[in-house]
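In the two assemblies presented below, chain A is common to both, partnered first by chain B and then by chain C.
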Partner chain A sequence: MADLRIDFAGIKSGNPFWLASGPPTNTGYQVQRAFEAGWGGAVWKTLGEPVINVTSRFSGMHYGSQRVAGFNNIELITDRPLEINLQEIEETKVNYPDHTIIASLMVEPKREKWHEIVKKVEAAGVDGLELNFGCPHGMAERGMGAASGQVPELVEKQTCWAKEAAETPVIVKLTPNITDITATAYAASQGGADAISMINTINSLMGVDLDTWNTIPNVAGKGTHGGYCGPAVKPIALSMVAECARDPDISVPISGIGGIENWRDAAEFMLMGASCVQICTAAMHHGFRIVEDLIDGLNNYLDSKGIASVMDLVGQSVPKYMSWGDLDLNHKRVARINLDQCIHCNKCYIACEDAAHQCIEWFVDAKGKRALKVREEDCVGCNLCSIVCPAEGAIHMIDQPGEFPMTWNERQHLIHTIGG
Partner chain B sequence: MHEHTQFMNEKVKIDQILQRSYLIISIEENLSGTFVTVQPQGEQESPPGTVHLVTADGRRYLTSRLFERKRVHAQKSENTAR
Partner chain C sequence: MNASAATDLWKVFDEIHPDLKPKQVMEEANRCLFCFDAPCTKACPTGIDVPSFIRKIATGNLKGSARVIMEANPMGATCARVCPTEELCEGACVLGEASLPVMIGDLQKHATNWAMKNHPQLFEAGKPSGREIAIVGAGPAGLSAARQLARFGHQVTIYEKREKPGGLDTYGIVPFRLPQKVALWEADQVEQLGVMIKTGIAVGRDISADFIQTHFDAVMLAVGMADVPDLGIPGEELDGVFSALELIEKVKDGQVTDRFMGRTAIVVGAGNTAIDAATTLKRLGATRVQMIYRRTESEMTAYPAEYRFAKEDGITCSWLTQPKKVIGDTAGRVTGVECARMRLGKPDGSGRRRPIEIENSNFLLEADIFVKAIGQGRHTSLIDAFRLKHDHGIVSVDARTFQTSDPNVFAAGDVTFGNGSGEATVVAAAQQGKLAALAIHRQLMSRV
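Up next is the complex of A and B:
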């Protein structure tokens, strides 16, 4: 059994799986049940001046047979008074002293407001604080959440104010609704953040009902943009984690959030630089007990790799992630069709013919049967045929022995020196 | 014409440039592709010629060969220095 314990910016946790701030961490009842199920930590639903929420609040993006490929919410932060939340945090901490409780916080961008909430929340015994600079709806219209998180100066200043009062580690949760997340990640670290977490939800409108012409979801026939999350956002979140992890100016630990559903997703985020992961949508979809599979799966994976501690996984793939200009232009990969597995559906041919490089063609084999083959010299290795192929193992992408590596950046430098 | 066939035609031209001691005066890249301006070495009075590369593989091949040549030269210089 591998050691799943983590040390995240000084916060010790029994495993890297934390519930992200959201509906599953609204109350002490829920968080205690989550800890009972095995979650290493929980980020309490964002505390601040209690709001009034609307109904309805959630909607799911179902794609084919996949329920909740994406998820949207227009729910705001806690609608319960701070004192009630703090009382439940205190009680939960007493009952589960070895579990991590992080308080998510959001107040107006004023120094005294940050000082006030930080002191009150820390007095309840939390292990750390997460500043919510990411909530994209409702609170942003009041100058908080993403409205703060999209302005690097505000991120730095508010992090600084929180740090002035904080005695526990401060994590800054970043919004993905920005062109370059490293700008706000850098601002957070300049403000003294002990760690950053990403991503919060992405601005979204789930759909329009074609009968009523109402938005989905709608509140009495009216809608607004919400925050998108769930499996569909994982690649976006992963790239943002990777961008921050590879940036030498951002040296704080990262908590990965966004579309994590299973141990594989979690391991990918950790390989790409996250020291722990936060999960919300998957818990809303499948319940707290998914943590059992997360723990078992990660444990088995680490054992199979001969890795003693999950911390040894963190960041291992970061050196493999780089700018496009540093990729090898001379690397050659081609598609190869395995006719024993091919079901002759023609999808690869259509895809290549219509949308790629027209390098799959028909031929007649020795028995007079029509079949498909790749004209490898014209194949650019784009992967499209293997992506659309429904038959497992029918198309393999083969790396071919290539020349010495040459990147775009090296090439441009060479041309420049010659007189380009 | 398949792009590979087009590339093979360009490859022949590139190999000629590199094998016949042409001097590459400039490599210009623009919306129309890559233009390699060359002059036969020792024939400064002859007007320079231009090779137009259209295919991505052609443009890749040219710089790969130039890299190779640069590496060989560097290796030779290193050996001479020893």
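Up next is the complex of A and C:
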């Protein structure tokens, strides 16, 4: 059994799995159920001036026969009185002293507002604070959430204000609705953030009903953009975590959020630099019980790799993530079709023919049967055929390292040197 | 028979139901809805958390998946193959109505196959309690109880009269449904927890019941049932009369014979063992195999899937047929069976309609082989040696404590099965073993 305990910016937690701020962490009842199920921590649904929420609020993106490949919401922060939330936080912390409770906070960008709420939630006994600079809908129209999270100066200033009053670690949760997330991540760290978390949800409109022409979801026939999350956003979140993790100017710990559904996703985020992960949509889809396999699966994975502590995973893949200009131009990779596994759907053929480099061709095998093979000298190793292939092991991508590796950056440097 | 012919013959005993292919595994695992309070779990006699083990397959946590299965059912690999899944988990699958049930049995087989291949240590023995328990019989009930007792920290010794552990899983279910190595792997999992399995030791022959009763803190009787009883008709001593279990046991143990090549066989009985015997005879080269049963298709006890399988094998059935006499030639070899026609009367004690012989309806069925598969007898003398109360060899037990008339002797599995209570299935025996172990543990720990 590996050690799953983590130390995240000084916050000690029994495991790296925290419930992200959202509907599952709305009440003490829910958070206590989650702790019973095994979650290491929970980020309480965002506290601030109570709001009025609308119905309906959620919609799902179903892909083929799979439900909830993506998820969208137009729910705002907590609509319950602050005092009730604080009372429940205190009670939960008393009942579960070894579990991590983080208060997610969102107030107007005013110094005294931040001071006030930070003091109140810390008095309730939270282990840390997460500043919500990310919600893309509703609150942003009032100058909060993503609206302040998209302006690096506002991020820095508000982080600073929170830090002035805070005695527990301050995590800044970033919005992905921005061109370069390292700009706001850097601003947060300049403002004194102890850690950053990402991503919040992405601007989205789930769909339009073709019979009523209403948006999905809609409130009395009218809709607005919401925040997108769930498995579909994982690659976006992962790249943003990786960008921050490899940036030497951003040296604070990262909590990874976005489309994490199982232990594999969690391990990927940790390898890419996250030292804890937060999960919401998967818990909404399946319930808190998913944490059992998150823990069990990660444990078995670490054991199988001979890794004693989950913290040893953190950041292992970051050195492998770099700028395009640092990739080897002389490396060759080609596709190879394994006819033993091929089911002859010809999807690779048409994909290569119409959308890639026309290097898969027909031949007649020894038994007189038509089959496909790759003309390797023309293959650019784009992976398209192996991506569309539905048969396990029918197309292998074979690496053929070049004799003299050279990156674009090295090449340009060489040209300049010779040229100069 | 020469060696290569024997090898060819052996091939027909390979497991008939193919493993799922990797793509099928992922498709099926991802089709599971991961229901909450799932009906499949409720339908499983051992309560396997089916959605959990399937989700673990989907996330690539095969070790965790196998552990979930084996935790609930120490015979999880066997049950993946022999359980009537269409009546249990798969029959309860909520997707059955909407599309097709998830192939739970096949996924269970996939996860346990992984464990068999990769040898992970799935369980640990508990902290030694200093208590010693003897179990008589290393079948599903005995092994299941031993596994649990070892996890509670008790030292367990199993006495098994056969050469290998596993009971009917090892000897009584045809290899093309359940390869012997599966049952032996399950026994090995139990041994790895420090359980001593003393094979080749028959209680009453090599060791006395008294010795066991005086040398252990508790005793559990899990001896199952005995061989197929005689029909009590003339001609049973003839050459060509076999017990179904004896036939299956030989094949299961790898002893293939050409004795049945080209023969005509009759199997009497209509349970799963009768079907196992009939399909085995087909594989051993019998040209014509007919099952005879004194009731009708609706009363037969074989699982529908097994019956379908027999029909696919070309086995025919003669319903409302009762054997009266086995006929032999001068050399004492079977040449046929004299049978009587039956009709169904009013329901009897078992709730099934009682078969009544039609007068003057006797007729002859020609056959060289006559196989008896009319259920199993009882280990009455062994039960008597332990001085336990029983009803015709069915040990009386308290349903909650699993205690027999001797409070220090517990019993579970087929030895307690009968008189309309419970089911004589591997899965039921595994569950009873588990529950009996808990009852024994509680009893031992409550003693001062």
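Descriptive notes on the structure:
Methods note: the second predicted complex is superposed on the first by the 418 of 420 C-alpha atoms of A that agree within 3 Å, B and C clash if a C-alpha of one lies under 4 Å from a C-alpha of the other, contacts with A are read in each partner's own complex, and residues count from 1 in each chain.
Heads up, the rule we're going with is that a contact is a pair of C-beta atoms (placed from the backbone, for glycine too) under 8 Å apart; a residue touches a chain by one contact, two chains touch by 3 or more.
All figures in this text were calculated on a predicted structure; none of them were measured in a lab.
Touch criterion not met for A:213: it reaches neither chain B nor chain C.
Of the two partner chains placed around the shared chain by superposition, neither chain B nor chain C is touched by A:324.
In the superposition on chain A, A:264 makes contact with chain C only, while chain B stays out of contact range. Of the two partner chains placed around the shared chain by superposition, chain C is the only one that A:297 touches, whereas chain B remains out of contact. Once chain A of one complex is fitted onto chain A of the other, the partner contacts of A:410 are limited to chain B, with no touch recorded for chain C. Using the contact criterion defined above for the overlaid structures, shared-chain residue A:66 touches chain C, although it does not reach chain B.
Comparing the two interfaces of chain A, the one with chain B and the one with chain C have no residue in common.
Note for the complex: chain B touches chain A at residues 2-4, 24-29, 60, 63-64, 66-68, 70-71.
Residues of chain C that touch chain A in their complex: 21-23, 30-31, 34, 36, 52, 55-56, 58-61, 63-64, 67. On chain A, the positions that touch chain B within their shared complex are 329-330, 357, 375, 377-378, 403-404, 406, 410-411, 414-415, 418-420.
Within the complex formed with chain C, the residues of chain A that make contact are 65-66, 262-264, 286-287, 289-290, 292-293, 296-297, 300-301, 304, 390-393.
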